[in-house]
Structure formats: structure tokens, C-alpha cells
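Across the two complexes that follow, chain A remains constant while its partner is chain B and subsequently chain C.
Here is the complex of A and B:
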């Protein structure tokens, strides 16, 4: 088990070393994959190997964090940074790494400020890994806030944000959430310094309890695009054309969902019950609204965003149920979901790029690109919950959990999920089938045809598909 | 014992050096801008060594050297030395005479040093007045015509507040019958609740001087104008050194002499602190001049310091001292970056002038970002340690309202910093930038390494600050 502790440290440190190497690497030209991208890919792959090794050392029968690494950071006030790992956090870290890896594959030929992109992506990766491994108040907060800066830089440089005010509001809104968390955790720390799992042991006075838990609640909620704050997040997201940046920006809600899962519902005091009800209602309204907007919009980027939002809220509502039984199902489902969305975004970016550079319409574009079409169809079907990945079975379990506790709520959620799924299918249909005409269409000249994904990217996509299928057969296949 | 007078060696050496500079200036024909920097460098370095060696030597009760005074003196000396080194390039590029700048810099160091170690009220007051008034000739260096009236205005207010200080000192000495810190304290403790009104007035007058010197709201009006209306070496000095020195002397004076008069003033400090925090955060957002943005940001940080230190208790003071050191280190880094941002030899101060800095000078831009993050207090950089210390001490003291003020007002300040980050990183370049001197990179690297080393292992910093506090509480 001692090895596992070192591996935990390595998971946070390897991307930081990657940052160092990437900042010293050369940016490549248009023709070749640049050194800096190679450094990025190598770093992520190395960390995945470390994660796999860590997964093999985890005892599946044991509940809670398996290994705890402690560092005494300050003696007065006594602050210890504590890191631990369990299968849930391990799956999320692996999913994020795989998603970022796919994003890196997607930016192979995008040379615009690639060094800045890779440096920020690796920094983000380190911070979010630390966040998933944190098991004390301070390390949890440190990584919760620290991941914002690389995100801000990525969105600022690559986000094509027309109005800077939106970017500012997005960042400040997220930072506000972090401040709420900081304040709440400092108050909790001054009452009793315990690990996150034991946080329910802390007994606060009536008002104090409501304020502290309310702050924690707001902090995590600030990361999730719930009404009325969804506008800034959606404005930021839909303008991102770089697949890696889009993937990273859409991992941020995961940090909110994860935080709520770690702190709620078992630890939450009863004083928050009425607020939880309000949150559930607002979340369902948001789900329905965003699913509906996604359905009506023609922009595929927005459709993916609306799909992601609906699913994040689904996981959030699943996590808020007064039981821990669904936790692993949420973990298994999130694992596949993140990979599907990342792969989908890479293909969408490719198609978008082809359509723009060759000035062709999107309708029926998949007809000319069989490899892309195959993978795109597979991913859309997996995304909507067909039996192709762990999303299928685990979403069913989450739905059954929701139905068991509140049937009205579950029906509304189901409606939103179906709307988001139909929206994706509608897009698949639009991209796959050109409009019917009475006369045969003239042959399209070669230079006006969209190019298919390269064989290398196709191979990566096939591997991704295999991974998803494996996760359907056995979500913990990598442990054996 | 005569041997105890070696406690004065650092100050004597500073004085000798200053006196030596005068004949060099007048009688040496081959003077260059580097001449006076080199002299200052050796004088300050020797003073640092002497201060460190004789750190525990005192002369009776009138001149006390302890961990607190020694560490603050060394911090002030080192920041001055480093900033002096960075400023040299400005004088060399223009082939200006650097005598005035380095001469006054040394005089100020002497003044602060005297004020820190002296336990005689009139001597401390004299040294502080001297330092405050010396800002005027500093501001006059290469003064532009449009700023003359502002600088005269500063002189007027500096004289006025110095006069208030002296009235306060006179009243206090007359009322207590002594100028010695410990005797004043003894008298005030003996008087218990029957402290005469004129002593209360004297205390207020003295405190008002400090609030003016620190640039605390509502006495902040001079600071942003002074910093933005002068050359970069002077702006950097005014932003970095005096704040540390006045705060150190203020704590020393209150804790060793005036603490019986202090309790009722805590509320006033809180009001000044809160107003500084708000005015600083909002003011920074209304500016386009980088120096003014950071001048207002400094007002915010001073406000946080006052809020944290307002109850003058151990844990609060620990938090505020850590915060002070952390933010001054980051602010020094910011000014280091400024000294690298030049176009055709002119320093760039406006937001629109540094647009696209990241594309041409990525290291400079990255360092600016690094120091700003540290100033915001975002983890994992050192500013977080400062923020944590202050907020933790406020929560531990039950000051939840103040904690909320400090924690949430930073968001307003962050908005101002976001404007800078946007200009530097997200906007296209409209001018080119001069080559950056190696010295700037070296100072930046040292500062960054110091910040990283301290955040990874903050024990040394915490230990030093605890030692400092133990010496005065």
C-alpha cells in the first residue's frame, strides 16, 4: 500500500513536470506534430499508466479512501494536506485524462499558440487530479480554486469570446463559488479539523450550520450550469471551436458534481432539506429548458453542450438522493460519458473545420467520410444510452433510483434526457442524409469534399470505441 | 557599557556612507549612474550584515535591537537594494544622474532604521517625519510639469500630518513626563481608566500620521497620484518599502508604548480598514494606468492588514505580518515586470500599451500573471498563505463579518486584474517591446523561486514571523 501513496503523488506531479517540459519545448510547423504536443500526449499517457498501476493496488472490497498521504504544511495553524484514493475518484481521473488525450489528438494540426494550450491543459489536469484525490478541507479547496486559472487562460486565448464581459462574469462567478467554499471550510476547520468523509461529525449552531452548508452548496453549484447562471457558461462554451478547450471547459461542471457527491447527501444536515428541494426543482427546470433549446438550435456545439448539461444535472440529482448506493453507478456512467463527449467533440471539430475550409454545408457531410460517419454514429448511439458503453446500464440504475424516490421528478428528468437524446439523433440524421431531390445530384468535385479523419485518428477512435464497449461489459475491466 | 554602542553600527555605517556620497558627487569627475548605485549597494549590504550580526545588541532602554527590528530592517534593506539594482537601468539608459535617487534612498533607510530601533518617542517621530518629507525630493526627480502642483500638494499634506504627529508627541511627552516607550506605557497602565483626554488626543494625532503615511482611506488621496506622477524607480520604492516600514513602526509603537490607549481605537481601525478595502478594490477597477491600478490594490492590501491587525492580538498579528510579507514580495515582482516593459526606452504604464505582451515577451507576461495570482491569493501560490493566515485569524477571533468583507471584496479587485490579464494575453499586440535586460529576468527568477520555495515549505517564513512577534508581544 505504500506504493499506492507514491502513485497518488505521481498522478498530481507528472502533469506538472509535463508543464515544465512543454514550456521548454518547440512549437511545430503546420506539417508535423509539434514537440510540445508530443510532450502533452506522452505526459497524459504516462499518467494513465500510473493510474492503471494504482488501480491494480486498490482493494475493491474496502470502503472509503484507501491510502492516505499526509503532508504537514503549516504548524500554526496546523494544516495537513491529505490525499487519498478510491475507485470512484480513480475512474473520474482516468476519464478526464482520456478525454484530454482525445482532445490532444483533435488539435494535432491546430498550431495556433499550441504551447500555451498544452501548458494550460496539463496544469488543469494536475489541478483536477489533485481535486479528485484531496481528502481534507484545504487540499480540496486549493485544487478547487486552482483549476480555474488554467481554464480562464484557455477560454480567454482560444475561446473566441466576443464579449469579454461574459468571460469576466464567468470567471468571477466561479471564483465567487470558490470564495464561498473557502469561507465555509475555514469555519468548519476552526470548529474541528477532520477529513471530508467525517465532516458530518462537526456540530454547528443552527444559523452557523445553515450558513456553512449553504456556502458549500453554492460553491459547488456555481460550477454547474443551473439556471439562472447557465447563460454565462453556455455563452462561453458554444463559442469554443478548439476541441481540447471545449472538453476542458466542459469538465468544470464535473468538479461541482463531484464536490456535491463528496459532501452530500449523507453529510448534509437537515436544515438544508428545503433548499435541496428548491435545487431539485430549479435543476429540473434547467434540464428541460436547456434540452429544449438544444433541440431547437441547429448548432451542434450547442446540442452537445445541452446534452452534457442535462446529463450533469442528472448525475447531480442522482447524487442528491438520500442514499450512497448509486455512487458507483454514477462513477461508471461518468467514465464513459466523458470519453464519449470528448471523442464526439473531436469529430465535430474535424467536420466543422472541413466545412469551413472547403465552404461546404454540413447537411449530409457524413456521406463522403465513412470513417468519421461510422465513429460519429457509434458515439451518438452510445451517448443516448444504447447498450454500447457503461452509460446504458448505469443510467438505468440511476433512473430506477430516481423513480423509487420521486416518480414525478424522475418523469421530468426522463423527458429532458429523451429530448437531449433526440436532439443528438436529429443532428446525426442531418449530417448523414442529404436533402432528397427529384433530380440526381451532380458529382461533387474532390476539392469540395470533406476529408475523412486520418487512419491514425480512426485507430484512436476505434480504441476509444473498444474501451467503451469494454466498460459496458465490465466497468472495472482494467482491474480484472 | 561603551561596547553596547556597537548596536548602532548599521545606522552609523549608513550615515557614513551617505556622507561619503556627497564629496563623491561634487569632487569626482568620472561619475556615472552606476557609481552611486555601487556605493549604495555596498553600504546597504554592509548594513545588512551588521544588522544581522548585532541583532540582539541594545543600548539601555532607548535603543533596542531584537528579532522584530532586525528582521524588518533586513527586509527593508534587501527590498531597497533589489529595487535600487532594478532602477539603475533607467538612469543608465537616459544617462541621468542617479545621485539624488540613491542618496535619498539611503537617507530613508537610515530614517526607518532609527524609527524601528529607537524607543524614544521624539527620535522615532523625527525619523518618520524625515522619511515622509523625503518623499517630496524623490517625487521631484525628473519631475514633469503637469505633476508639479500635485507634488506640492503632497508636500503640504505631509507637512500638515507631520505637524499633527509632533503635536501628538509633545502632548504625550508632557502628559506622561517621559519620551521613553516603557515609561510612557508604565504611566498609561498606572492611570488605568483615568487617562487624561489630552493623552487620548495625542494618541489619535499619532495614529492619524501613520494612517496618512500608510495611505489608508480616507488619507489615501496622495498615494495613487504620487505613484503615477513620478519615474518608475521612485514609484516602485514608494509602493514597496515605506508601507512595510511604517507598518512595522506602528506595531512596535502601539505594542510597546501605547497599548493601554489602543482598545477604543480598534473600531476606528476597522472602519479605516473596511473603507480602504472597498475604495482600493473599486478604485483599481476605474483605472487604466498600471501604476494606479496597483496603487489602489495596495490600498486594498493595507486595508486587509488593518482589519487583521486591528485587535493587536498574537494570532491576528501573525496573520497580518505573513500577509504583509507575502504581498510585498508579489508587489516587488510586479514592479520588476514593469521595469522590463519598455518601448523605445520608455516604460509602459497604460493598459493599452501592454496589449499582446504575451506574444512578444512571454516570460515577462507569465511572470506578471504569476505575481498577480499570488496577489489575488489564489492557491497554490504564496498569496494564498497570506489570505489563509488573515482569514483564519479573523475566524478564530470570531470576526465573521470582517472575514466576509476580506474574502468577498477580493472579487472586485480580481476584476481589475482580469483587465490586465486580458490586455496582456488575449488582445493583439499594437506596439513592439524593447529587449528585456538580463537583470530583470534574474530578479524575476529569484522572486519566483522564493515564492515557490516558501509555498512548498512555509515553515521558515512562519518561524521567522513568530520570532518577530515574540520579540514585541
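Here is the complex of A and C:
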């Protein structure tokens, strides 16, 4: 167990060491892949190995946190930083690492301020890993806020023309969430300093309970694209073309979902029941609304955002059911979902880049790029829930929970999921096939044809596809 | 042994997919055919009552513990045989036909065979759903036409979501995973009408019954062998297999069977109309398939579901009839319009004999169904005879309208193409040979219809361009479903995102902040008076805390 404890620390510290090395490494390099990118990829791979080692040490039969590492930070008032791990957190950390790794593969030819990008990405990885491992109020809050810092910098550096407006929205919404969470956690700490899993032990007065839990609600919701909080995330998505920044920005809602999963539903007091109902209704309306908007929009970034939003809210609603039996299914499904979206975004960024640099239209662009086309089709089919990843079976279990709880609500959710998936299919066909004309199309000159992904990237994509199929066959394949 | 055979098919499929698309296609096709033939041979050694059952614990995740079950017994052996024969016939046609990317198609046929077999073997609905999903992905890859692919995946994806939802409902309400326990759902289940109706709709979509046949009308642009494979050995068959596996669920709702009757009869009727009205030979084939699937479901709807052996024979004969149409198409140098054919009997005498053998097999099988439901059987025989005689009479006896090239190239296809069809038809005739007199009578009637062609006046439909190009159902879906959804989405974006959030909330907050900053700046101008004001305000706060803070 001691060994596992040090592995947990290593998961947070390795990216920080990576940050150090990346800061010191030369920007650019003799080879096609720059030094700093190599440092980034090596750091993420090292951390994945550590995570794998940690996974092997976890006792699957045991419920809850497997290990607790405590560090006394301040003696008076007593503030301890406590870390723990369970298979759910581990799956999420691994998925985030793999998504960021794919993002790094996607930026290998992007030389614009690559060092800043890798440093911020590694810093983000460290912070979000800390967040998933945090077990006490303070470390939870620190990492919850700290992960925004690299994202803020990334949007500032890599955002498009509207980046000031986006930063403004980003700041506005996240400040709101931060203030609410801070106040709620201070009040909770003032009553009793316990771990997050034991938070239900704290007894508050009627109004206090509603205020504290309401604040926690708003804090986490500010990160999730639930109406009206969806707007800042959609703005970020539409205005960022760098795949790594896009992936990191889209992992932020995961922090909100994770926060709600850790605090609710088993810990939520009864006083919150009416509010939970309101949240569920608002979530479903948001799902339907975003799915409908995604269906009409022609921008693929928005379609991916719409798909991600619908799925995040699906997982959120699954987690809010009055049972924690679905937690592992949500974890397994999230694992594939994050990887699929990251891989898709890498391909989309490649196509976008090709279309812009060669001044060609997006329609039918996949015709000329068989490797990209193959992977794109695979990922879209996996994304919409065909039996190609763990999304298929685990989503079915989540649906079963939702259908059992409230069939009307679940039917609306299914409608939204269907619409979001059809939007992705729509995009696949738009990219894959040129408009049909009766006359034969003139031959396209070589210089106006989009270039395919390189063999190396194709190999990475094939590995990703294999990983997804493995997760379908056995979501816990990595521990046998 | 069974597992080894399945691995053999998987291996052959992988090889076909991995070898370059057009590298030694005949060799690889023969290799794939040999693998299937070996499977048939080993299976035939077990006889008609084999008993093999293998159960692998596949997956154990929270809330789901799934076993992978593989088993052949007397109940499913006929289905396994017919699946293998359909795959073999498709592979053989692919070997010597004009298909492009033969190796890839071989691989897809073999993988599809595997997924269909996994569905036949399934005893739990998770295995069934996985097999259905896998088949969809494979058929999606098999269809190599844009519009057809689009329609196919949209429709079947929706059907898959529907199927997943149904079984999610059952799982959520404590139903087990076993298919044999589905009948108990009527006792403990909830939302029974919802489950039964949704299940039926999903099956209709998969099988391409009336209202959902648009999924398959566009695949007429595929190669003929690919088309026949999709129509008879892929998704529509998967739909029917799902129906067989889940039929117990239909009895939980009083709407199920009336709905099934309505759709199946409408499918047959629309199929007949399509065969008579549409000029394109491949589309005719699609409508013949619609008639066939409609008839299969009609038997089930009227309480006389076909036995597995009968169904296997019926399916194989319908497939062979499709193959015969394909052979006429090949003989006529890929001429697609029936109206552009005619008078081919002079050059295609052998094909006419082959047609008679296949029709004899078809009628033999149909006549054996009389014991199930005599009215349905004879109605179908009549409709099929009218439609098929009308089409084939135009091709063989009609006034010749073929262009010179077609006439010059007209010849019987090679034995490699007709051989497998003839062998399979002869085997079917032999197996269902019991009602010779009835067969002679029906064949004579068919020949009369063939010669006199009573529906010849309907030929003018071929000249009606609006009718030939009409796609009523797709237009209706576009107008009734897609367009409203797009309009609502656009309105929501404009009203909620743009006007309400962007222009109202965010701009208001921004303006309020700007105003606050302006106010504080004005107050903080640095003059003595303003500083004094702030000092006084600070004292006021301290007083307030001192005065009221203790309470």
C-alpha cells in the first residue's frame, strides 16, 4: 500500500517535472519533432506507465478509496492534504492522459509557441490528476481552481480573433464557480474537516444546508455546459483550432461532472431534492437544445461540442440517480468517450489545416485521404455508440438506470443523444463525399488536394482504435 | 470444432481484408469460398441434429455479466446452413463476377457471416445487440454508394438506439439477460406497449419493410451481387433474426400483431407495385426483396410463423431468384432498364431454363407453406407469379428495344456464374419435392402469365419519369422530420444563445461592470473631499460591525 501511495504522488509530480524539463528544453530541434514535444510525449507516456503500475496494485474487490496519502500543510488551523485513488479516478486520469497524448500528436507540425503549449498542457495534466486524486476539501479546491490557470494561458495564447471576449466569458463564469465553491467549502470546513466521501456526516441547519449545497451545485455546474453555463465552453470550442487546446478545454467540463459525482448523490441531503429535479429538467432541456443547434450548425467544432455536451450531461444525469451502482459504467464509458473525441479532434484539426493552407473546401475532403477517412469513419461510428468501444455496453447500462428512474426523462435524453449522433454522421458524410453532380468532376491537381495523415499518425490512430476495441471487449483489459 | 471453424472464417476474412484490394482477387475469393465450403462440409458431418454448446465468460462489468455462447442444435442448424450457403453463393459470384474491390467484399461477407452466426447462437440479448451492431458497421462498409450509405446508417443507427433502449428498459426493471426469459416480461415489466411497439419499429427498419424501404431503394446503385447480399444475407435478415429471438416480447402488447399485419401486408403490396412500376432492374430486385420480407412477416403476423427449415428454403429461393435477375443483367451487358431489354429468349435459352429451375425451387418452397396458411401462401404465389412473369416476359419475350451493343454482346453468362445458382436451385427442388402435381400446375400458370403478359398495359409506367424518379418517403421524412428539426435548432440558437445569453446576459453584466468601474473611478478621483467620504464610509462599516456584529 505504501508503494501505491508513492505512485499516487508520482502521478501528480511527473508532469511537474515534465514542465521543468520542457521549460529548459530548446524550442524546435534537428528532427521533425521538436525537443519540447518529445519531452511532453515522454512525460505523458511515463505517467501512463506509473498509472498502469498503480492499476495493478489496486484491489478491485475493495470499494472506495484504496490508499490515503496525508500531508500536513498547516498545523493551526489543521489543514491536511489527503490523496486517494479508486478505479474510477484512475480511468479518468488515464483517459485524460491519453487524450492529451493524442493532442500532442496532433500538434507535432505546429511550431507556433510549442514550448508554451507543452508546458501549459503538462501543468494542466498535473493539476487535473491532483483533482481526481484529491480527497479533502482543500486539495480538492486548490486543484479545482489551479487547472484553470494553464487553460487561461492557453486560450490567451492560442485563441482566435475573439479571444478577449472568450477570456472574459471564461473568467466571468469560472470566477462565479470559484467563489461559490470557496464559500461552501469554508463553511463546511468550519463545521468539520472531513474527507469528501464523508461530507454527509456534516450536519447543517436547514437554510445553511440549502445554501452550502446550492453553492456547490452552482460551482460545479459552472464547469458543465448546462444552460446558461454552456455558453463559455461553446465559445471556446468554436474559436480554438489548436487540437491540444481544444482537448484541454473540453476536459474542463469533466471536472464539473467529477465534482458532482464525488459530492452527490449519496451524500446529498434531502433538502436538495427539489433542486435536483430542477437541475435534471434544465439539463435535459440543455441537452435537447444543444443537440438541435448542433444538428443545424455546419461547423464541425460545434457539432463535436454538441456531442460532448450531450454525453457529459448524460453522465451527469447517470451520476445524479439515487444510486452509485452506475459509477463504474460511467467511468468505463467516459474513458472511451474522451479518447474518441480527442482522436476526432486531431483529425479535424488536420483537415482544417489542410483546407486552409490549400484553400480547398471541406466538402468531400476525405475522398482524397484514405487513411484519415478510415479513421474518421471508425471514430464517428464508435462515437455514436456502435459496438466498437466501451461506450456501447456501458451507455446501455446508464440508459437502463435512467429509464428505470423516469422513462419520460430518459426518452428525452435518448432523443438528444440520437440528434447529437446524427449530427456527427451528417458531418462524416459532408466531409467524406463530394456533392453529387451529373457531370463528371474535373481532376483535382495534386497541389490542391489535401494531404493524408502521415504513417506515424496513422499508426497512432490505429493503436487508438485497438485501444477502443480492447475497452469494448474488456474495459479493464490493462489489469487482466 | 465449432470454435475452430469460426476462427477459420475470421482468419479468412482478415486475410481478405488485409491483402491489397485488387491483388489476385480470384485466388483470394476461391480461398474464402473454400473456407466456407469446409465449414459446410464439417457441419454436414454432424447431421441435422448436432449438439454443440460452448460458453465463454466474456465480460464482467458492474451491472452486467455476459457470457459468449456458441452452440448448434437441431433448432438452429438450418439457419446456420442457409447463412453459410448464402455467403458461399455471394463469394462464388464475387469470384467470377465484375465486382470491384473483390478482396475487400469477400472479407466483409465473411465478417458478416460471423456476426450473423453470433446472432443465431445468441442466448442473451447483449450478444444479440453486439451482433446487430457489428452487422450494421459491416454493411455500412459494404455499401459503396454515398446516398445509400447515408440512408442506411441513419435508419439503422436509429433502429440500434431503439433496440438498446428496449433492452435497457428490460435490464433496468430487473429482467435477466437471457432471451428465453423475455416472455416473463409480461408479468414484471413496465411500459409494455412502448417496448413492443418500439421493438417492432426497429425490426421493420432493419428489414426495410413498408415506410422504411427507402433505406434499401438507394442501394440499387451497388453491384448486383453486393445488392443481393445486402438484401438477403445482411441487415434485413438480421432484422428477422432479431424478430425470431424476441418474438416473446411482442405478445406483451395488444398493438403488436395488428401493427405487424398492417406493415407486412403493406410491404407485400408496395413491393408488387414497385416491381411493376419501376423500370430499373436492380430496384425491381429491391422490391422483390420487399415482397419477400413482407410475406415472411405476414406469416408471423397471422400466427403461423415459418419453421426454421421453411424459412431457410424460402430465403434461399428468394436469393436465387435475385441471382437470376443478376444473371440477366450481366447477360445484357449491365443494361439497367427493363424497358430497354426485350426478345432476349433467342440468345438466352439456357438462362430461360435456369430461370425455370429457380422458379420451380421457389414454388416448391412456397407450396410447402400451404400447411401454415393456405390463403397467404396462395395470395403470395399469385402476386409473385404476376410480378415475376410480367418482368421476365418483358426481358425474354417483349418487343426488342435493346441497343445494338447490348444485342451484339448478348450471351449466356459463364458456367462459373450460373453453376452455383443451378446447383443450389436443384438442391432446393430436391429437398422440397413433395407436391409435384401442384408444382406442375403452378408452373403452367406461371408460363401462361409469362406468355400472355396480362399486365402489359402497365408498361407505360416505365415512361413516366416522375414515377421513376419519385422518392415519396424520403421527401416526406425530409419535410416532416428533418426540416422542422433544423428550423427549431436554428430558432433556438438565435433566440437562446445569441439574443438571450450573448446580447442580454453577457452584455448586461459587461455594461454593469463598466458602469461600476466608471462610478468607482469617479469616486476615487483623489480629491480631499472624496478621500474624506471613503474614510467616513470605513468608519460607518466599523460602527455597524461593532453595533450589530455581536447579535
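Note that the second predicted complex is superposed on the first by the 473 of 480 C-alpha atoms of A that agree within 3 Å, B and C clash if a C-alpha of one lies under 4 Å from a C-alpha of the other, contacts with A are read in each partner's own complex, and residues count from 1 in each chain.
In the analysis below, a contact is a pair of C-beta atoms (placed from the backbone, for glycine too) under 8 Å apart; a residue touches a chain by one contact, two chains touch by 3 or more.
Remember, it's a predicted structure, so these values are computed and weren't measured experimentally.
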Chain B and chain C placed together on chain A: clash or fit? clash
Q | Touching partner for A:404 - first (chain B), second (chain C), both, neither | A | second
Let me test your reading of the model: by the given contact rule, A:335 touches which partner, first (chain B), second (chain C), both or neither? neither
Touch check for A:74: first (chain B), second (chain C), both, or neither?
-> first
Counting residues of chain A touched by each of chain B and chain C, the higher count belongs to C
- Of the two partner chains, chain B (first) and chain C (second), which one does A:246 touch, if any: first, second, both, or neither? neither
Query - chain B versus chain C as contact partner of A:172, first or second or both or neither - result: both
Intersected contact list for chain A, partners chain B and chain C 168, 172
The chain A residues in contact with chain C across the complex are 168-169, 172, 227-228, 231, 234, 289, 292-297, 325-329, 332, 381, 384-388, 392-397, 399-404, 407, 410, 414, 417-419, 421-422, 425, 429, 432-433, 436, 473-476
Counting only contacts in the complex, chain B reaches chain A at residues 318, 358, 369, 373, 378-380, 384-385, 388, 391-392, 395-396, 400, 403-404, 407-408, 410-411, 414-415, 418, 421-422, 425-426, 458-459, 462, 466
In the complex, chain A touches chain B at residues 73-77, 79, 116, 138, 141-143, 145-146, 148-149, 152-153, 156-157, 164, 167-168, 171-172, 175-176, 179, 182-183, 186-187, 189-190
As the complex stands, chain C meets chain A at residues 58-59, 61-64, 66, 126, 129-130, 133-134, 136-137, 140, 146-147, 149-150, 153-154, 157-158, 160-161, 164-165, 167-169, 171-173, 190-191, 194, 485-486, 488-490, 492-493, 496-497, 500-502, 505-506, 509-510
